[in-house]
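Look at the two complexes coming up: chain A is in both, with chain B in one and chain C in the other.
For the complex of A and B:
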């Protein structure tokens, strides 16, 4: 077991290297601003940066925007809507990247309070993508005087934009010599803009990586300085290709510098209740973490073996939900062999859940940094399962190396894992072969060629250019080349709306099929994670129950994104007496904590219904935003059949007893009938049943959400929400009229 | 290493130590502001009527601090560098003895610095400073 006290500090760039970088910078333009102090969690200011004209400006956030959109994801979507039009695509100059934390973001006393929300028009989906990330940038942006940042335009040279709260300036700088790869670039910029070693913690960097310029599955890295390790760490705003938009705008990095962090920079209404609530949570972590999920020891990967026991960890491109190799990746193994113990691994101050684990001085065996020892941020569950079992890879060392290179190149581990799994299945089925991959052998479990594909992606070479497309465009390309059948690839290519699935097998949970399929941005589990509630505990057996859950949880979870909060401290560790409460799955004590935090920051009391209303306004706004951009109706909520059932015989046969039994117990055939059917016939009956169930689920959920059968929010419902805004009515009214006709 | 030690059998529960500590650092005799805590009863020591919770300079507070602002001084006493503290209160929550103090009036918590004020106030010698 590796303990933090035995981990040597990392060495950053030398003074000589920094001087060279500093000397190469060219100041392109500089703007002064007057820092607005925070008041009860808000500055009510937005900073607009045009990287094309190299101009910055500050504007007030109107009271009605604050009332309806609250902050975080709400602000991101509101300002993105105003910037774009239905013809805007990811690379249009008017497309914006909008970032905002939220009113609670930046308090230091409670776990998971440093999130930044980001939205842009995605290169994968052509609709708004929202993503959330830890690291220091969102809170520092607030401390610098801004509730939100919108970035527009395109720069014709690579620039760094520096928001310096200590000088109250925004500068645009040409920065030609810094590396593109995030693990080095973040170190370089942190050292460059910090006054001294002690000041490094006051610097936050946002960057992508060398592959982001070419890849649709590129993400953004957000740094935080790890004082103990002496290095910058990175967290990822992974989903939907935001990193590609960032690089397409010519941005190498954003830097935000503050003078210090203290406990009440949000200038809150009642610090006492925040202190009390935070302390209560910290004490709970001491008491319960080791007995429950051991988030402080292993992070989110604690669940791999447990989830596999329920057949939920996608293996070989979501064909199966378990494999013996997962025994190589148990919490015990990760803890004893790979993840540093005893470190205060929070990605924002005050996070006693501390799940941002790292593997220290990890020796790289491939790629441009072969032979170097680095700090790998991970393994998180999604990365571990997507890069690992989903591709038939079970060696934590290989998975960590892929994880590291994804991060530093600016590639989303979830999309990369799910996409590589798709490519491996294409290889297995003969859709791809060595000739078509330029020599890559993409058989299940081949980590070496998986890594080579990733390196090619960063160099924009060979098959890496195809990998960079993402599954949706790969399917079309393979079909166009005559390599594979599109309808077959649609069945097993795990994407929806253009976004790759995150890493849970939902075959046996209809509610989770909806949890993925009925999302705004595409199949990401952050809206609704209902598998245990549905499949394991059978707490939501009827369509109405599932629809209620698919209304309530996406709204409840959206609330975290309005506030600048991480969802994990809500229910990954729960109070010791939680099981005795009226509604254990809601973790009532923690919901109470959030209400107290909201009150403590803003001075406004809030009920659960208020929380849902705040969220639903933004949620339906996003749905209508999707419709406006051409992808937000019922047809777009269809899911690949692999997400709902067995596509090929080997999948059916691997769980034949279960599927045969379901044909009798659920579908209603007799045992004799089932015995007399061929495998293909049984698969067809299973498929028909499951696909019908999904359609019925959609009907029930849409009704519950106040949407029509085509998935359009009704005028009456928008009026009830106080969201009958003219620009929304202009989108929905023609569709509602057409549906009625 | 300098630290506060205890002999619980000698404690008479007068709580002079709590009052002395709270008064010295928070100008109040409210025991909630003391870096020492006296509890009625003692389940581990049959000769003692009270349990004394003191900071034994175990360093858990320093371990959980992700700003590294709690460091031992030359005598092994863990000190908070207030200027750099972000007030996250993890040290307070994770203290095994629950003897760190958080006050809403201040941005940073405080901890025992083995100053001996409480020991001086103790009429029976139940708490005392040692230096090895």
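For the complex of A and C:
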């Protein structure tokens, strides 16, 4: 077992290297601003930077925007709406990247309070994508005087934009010599802009990576400086290709520099209640974590082994859920062989959950950094399961290496894992072969060629160019080339709205099929994770129950994104007496904590109903934003059949007893009828039943959400929410009229 | 015996909560167990016998980002 006490500090760039970088920088423009101090979690200012004109400006955030959109994801979507039009695509100059933390973001007394929310028009989906990320940038942006940042335009040279709160300046600098790969670039810029070693913790960097220039599945890396290890580490705003938009704008990096992080920079209303709430939570973490999920020991990967017991870990492109080699990846193995123990691995100050684990001095065996020892951030559950079992790979060493290169190249591990799994199944089915992949052998479990494909993607070479498209465009390309049948690929290509699925098998949970399919941005589990409630606990057996859950949880979880909060401290570790509460799954004590934090920061009392209202306003706004961009109606909520049931015979036969039993007990056939059916007939009956169920679920959920059968929020519902804004009515009214006719 | 509101096919006389959890492969670390509405704590799983008319709930708590 590796303990942090025995981890040698990392070496950053030398003084000579830094001088070379510094000398190469050309100041393109500089703007001074007067820093607005935070008051009760807000500055009420937004910074706009135009990387085309190299101009910066500061504006007030109107009171009505604050009231309706709150912060974080709400602000991101509001300002993005104002910037774009229905014809805007990801690479249009007017497309913006908007970032905002939220009113609670940046406090240091509670766990998980350092999130940044980001939105842009996605190259994968052509609609708004929102993603959240840890690291220092969002809180530092607030401390620099801004509740939000909008980035517009395109630069014709690679630039770094520096927001320096110590000087109250925004500068645009040409930065030709820095590396593109995130693990080096973050080190370089942190060292370059810090006054000394002690100042490095006051620097936050946002960047993508070398593959982001070419790949639709590119993400953003957000740095945080790890004082103990002496290195910058990175967290990822992974979903939806935000990194590609970033690089398309010619941005190499954003840097934010602050004086010093102190306990009450948010200038909150009542620090006492925040301190008290935080202390209680920290005590719980210390007492309960090791007995519950062991987030401090292994991070979210604690669940890998146990989720396989429930048939939930996507295996070979979501065909199965049992991950047969998962014993190589248990929490025990990861702790003893790979993940450093004993470190305070939080990605923001004050996070006692500390789940941002790392594998230290990991020796790379491939690629441009072969032979070097690096710090790998992870493994997180989604990365581990997507890059691992979903591709038939079970060696943690291989998965860590793929994870590292995804991160430093700026590639979303979830999309890369799900996309590679799709390509491997195409290879298995003869849609792809060595000739078509340029020699890559994409058989299940071939980590070496998986890595080679990733390296090709970073160099924009060979089959890496095809991999860079993402599943949605790959399917169209393979069909156009005559390699595969589009309708068949639509069944097993695990994307919806253009976004790759995250890493849970939803076949046996109708509610989770909706949890993925009825999302705004595409199939990401952060809106609703209902598998246990539905499939195991049997707490939501009826359509109405499922619809209630598919209303409440997406709204409740949206609230975290309005505030700048991480969702993990809500329910990954619970109070020791949580079982005695009326509703243990909601972790009532932690919900009260969040109400206390909101009150402590803003001075306003809030109820659960208020939280839902705040969220629903933003949620429905995003739904209408999707409709405005041409992709937000019922047809767009269809899901690939692999997400709901067995596509091919091998899947049916692998769980034949279960499926045959369901045909009798649920579908209503007799045992004699089932025995007399061929496998294909049984699959067809199963499919018809499951697809009908999904359609009924959609009807019920839409009703619950106040939407029409076509998925359009009604005017009456928008009025009830106080969201009957003229620009929203202009989108929905023609559709409502057409539906009535 | 009902497990999570469904008939439990594996029931046998004398089995304990621990037996049900093990045989159901309920390996999730965060469980809330209730027998006929009363909480059963982890240290009691092994000596709490379930009867044929009992209603056992093994609630898996949510988690995840």
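A few notes on this one:
Throughout what follows, the second predicted complex is superposed on the first by the 741 of 741 C-alpha atoms of A that agree within 3 Å, B and C clash if a C-alpha of one lies under 4 Å from a C-alpha of the other, contacts with A are read in each partner's own complex, and residues count from 1 in each chain.
Here, contacts are C-beta pairs under 8 Å (C-beta built on N, C-alpha and C of every residue); 3 or more make two chains touch, one makes a residue touch a chain.
What you are looking at is a predicted structure, and each value in this text was computed from that prediction instead of being measured.
In the superposition on chain A, contact of A:261 is made with chain B only, not with chain C. When the shared chain is aligned, chain B comes close enough to touch A:283, but chain C does not. Contacts of A:525 after superposition: chain C is touched, whereas chain B is not reached. Using the contact criterion defined above for the overlaid structures, shared-chain residue A:318 touches neither chain B nor chain C, since it reaches no partner.
Looking at the shared chain after the overlay, A:578 reaches chain C, while chain B stays out of its contact range.
After overlaying the two complexes on the shared chain, residue contacts for A:300 are found with chain C alone; chain B is out of touch.
By the touch criterion defined above, A:659 lies against neither chain B nor chain C after alignment on the C-alpha atoms of chain A.
Touched by chain B in one complex and by chain C in the other is not one residue of chain A.
For chain C in complex with chain A, the residues that touch the partner chain are 4-6, 25-30, 32-34, 39, 41, 57-65. Those residues of chain B lying in contact with chain A across their complex are 63-68, 84-90, 92-94, 102, 104, 107-108. Partner chain B is touched in their complex by these residues of chain A: 108-109, 198, 201, 226-228, 260-264, 271-272, 275, 278-279, 281-283, 285-286, 342, 344-346, 349-350, 352, 354. Listed in rising order, the residues of chain A touching chain C in the complex are 292-294, 300, 302-303, 305-306, 309-310, 381-382, 525-526, 529, 532-533, 536-539, 541, 566-568, 571-572, 574, 578-580, 584-585, 587.
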